[in-house]
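This report concerns only the one structure given below.
Order of writing sets the labels: A, B and C. Residues in every chain begin at 1.
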Amino acid sequence: MSVATLPVDRVAADLASLRERTPLVHCMTNIVVTGFTANVLLAVGASPAMVVAVEEAPEFAAIAGGLLINVGTVTAASAEAMRAAARSAQAAGTPWVLDPVAAGALAYRTGVAAELLEHAPAVVRGNASEILSLAGTGAGGKGVDSQHGSDTAIEAAQTLAAKHGCVVAVSGVIDYVTDGATVLAVPGGDPMMTRVTGVGCALGAVMAAFAAVSESPLQAAAVASTVLAAAGERAAAATRGPGGFAVALLDELYTLDKAALEQR
Amino acid sequence: MSVATLPVDRVAADLASLRERTPLVHCMTNIVVTGFTANVLLAVGASPAMVVAVEEAPEFAAIAGGLLINVGTVTAASAEAMRAAARSAQAAGTPWVLDPVAAGALAYRTGVAAELLEHAPAVVRGNASEILSLAGTGAGGKGVDSQHGSDTAIEAAQTLAAKHGCVVAVSGVIDYVTDGATVLAVPGGDPMMTRVTGVGCALGAVMAAFAAVSESPLQAAAVASTVLAAAGERAAAATRGPGGFAVALLDELYTLDKAALEQR
Amino acid sequence: MSVATLPVDRVAADLASLRERTPLVHCMTNIVVTGFTANVLLAVGASPAMVVAVEEAPEFAAIAGGLLINVGTVTAASAEAMRAAARSAQAAGTPWVLDPVAAGALAYRTGVAAELLEHAPAVVRGNASEILSLAGTGAGGKGVDSQHGSDTAIEAAQTLAAKHGCVVAVSGVIDYVTDGATVLAVPGGDPMMTRVTGVGCALGAVMAAFAAVSESPLQAAAVASTVLAAAGERAAAATRGPGGFAVALLDELYTLDKAALEQR
């Protein structure tokens, strides 16, 4: 297996494109990270909209530029709306991202994630434990934190991607993104990104945003990971704790440009 | 049509009155902005309380100083609680604010907003697309963002206000507030206010707070817009991105005084 | 009645233990404070997980290190999940914290809180009005804010603690923590802690975190109060308003050490 990296030029070009087109990103995410996710999308240049009712989500998924479905606090009621939205996105060709938070650790959501997976997500983003679980090769993690390094899930990610015809992104110290054939590595970021709730969840939303403007879901996922990693490094360098870090992360996403990307 | 502005003295007097009386503001708002809305209310000097269950919302709406109902993530269950609360507020004489987020863009919530409008809100606050839709003269916006300048909705706002005997506030680069006859213009603010989620939603909550202390809903809506615009200008001047801006906005709301209002 | 205080050494030792063991803290809390609560737990060194579905909460309550149940925005659906989680925690021996937000002020949640109290919480944390109400000796507060000083509820707290075999913590200018016999006083903190939404709610979550590592629920509650008070003092000293204060509070929780605790 060979692992490639994405040229900085493509990251910068997609970021410019995102800011110009401000894609509408439909988010159905967990109740912990709604506000932070919307702020991350606004900071990077997208237009977030949380539409969660079963009466509305399918209608909106069909017109959005991208959709995120995150099962972090899924209930029977929200699962129904998520399935309807996923079906609608599939039918309309809206690229959508599945974030199977804590799949493998809790039976109910593992089932919900498996069902959603049948509706052709463009990208599945999770930590190693979650991806190993979805691929049927792992025993699951401890709640939201992975028990495995991201490199241990590369093969499972490739298998899962090939089976479902989607891109799979494994988050960790190094992020890996694969469409089954190509594997892209995105190093960087900062440990502080794990001390603020919702950074991983927001990454899924940013992938949905780039999916609306990038040339492929593979590139969208890798660009999103790169942008967040770069902003995270810059934010960590300027702050002393998770409070200031979260604030600076938004500011860095807002000001990030080609020069900053090249400087890394 | 002549457009007036509110004297700074009245803004300062109402702000002082708010801080002295710390009105209890009942919020039924969308899941994206709950925390930020509560923090904006606390910063400006009000006492927020989110009471959302159908078992409790009517009871609380009757004793609160003001009520905000925002349909941003309305579901069938929360719509039922909102209708009950609106009825209770109407019966008890509690001034309440309707924020019809994305009315016109999505059928279900457009219906919910139209139903709520029958329960005599003191103020309806929205962007131009939302107000045009409620007035029956527009085709709706792109999710939460308006497709129209606020000035294009002044006439629709006056019509809507006259029909329902309420105040209508149209947010935009310039905010307009009308009771059907008088139109007040509130210029100012900063574009950064659109790069943080929930600033518009929080404005609705601040209107509900001032409705508890101002001499009229018209004045309450205009004072709230002025206070948020002034704090937004000061926050933008001191920060470089949306993360720092949101933090500074709360600090400016907390420290805003007559001198700062006169300085604008 | 004699009132003692906790030695700084124990606070520092428990804080070190928390950071080493990073206990999994299961939170079922109100929709206003989810994100802030998770960030407070991450900052202090715990591992938060919000698991709210009735299908999952009992399973998770049995494996978590501690559980928080906060009725701030309880509905019929979430009450069912909370009861199931409380039963599971009781059966599994998971220490859990009940935060009866606004009990006494609203009939429905007062009933829910009373039911939950039957499932042997390790700690009940509230303001004076809430504790007086649960103990059957008070008429309830104005929504989330207490109408009484914390010292007025010490006797009620002791009665409640003795009756239910739990620890009761009364928050206020001085926090009091009792197991019925011993009363510990935790002075300190800063008024700014009441100008940011969710500081009290987060304190309940921090108590659940320390309950997983401290030698007793009494010590856990007192250590949590001390840690938050110390961080609050340091944050207030460095900031000028509630926006910056909330950010600094997270940074201070992250960096707080024995030297800072001794300096107070």
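As a convention for this text, a contact is a pair of C-beta atoms (placed from the backbone, for glycine too) under 8 Å apart; a residue touches a chain by one contact, two chains touch by 3 or more.
Since we're looking at a predicted model, the values are computed, not measured.
Chemist: Any idea if chain A and chain C meet via the same residues, over half in common, or different ones?
Modeler: different
Chemist: Report, in degrees rounded to the nearest 5, the angle of the rotation taking chain B onto chain C when the C-alpha atoms are fitted.
Modeler: Angle of rotation between the two copies: 120 degrees.
Chemist: With chain centres taken as the means of their Cα atoms, state the distance from chain A to chain C in Å.
Modeler: Distance between chain centres, rounded to whole Å: 33 Å.
Chemist: Two-or-more-chain contact residues of chain C, please, as numbers and ranges.
Modeler: 31, 34-35, 77, 246-247
Chemist: In the complex, go through chain B and note every residue touching chain C.
Modeler: 24, 31, 34-35, 38-39, 42-43, 47-56, 59-60, 77, 246-255
Chemist: Enumerate the contact residues on chain C facing chain B in the complex.
Modeler: 30-36, 72-77, 102, 106-109, 142-145, 195-198, 239-244, 246-247
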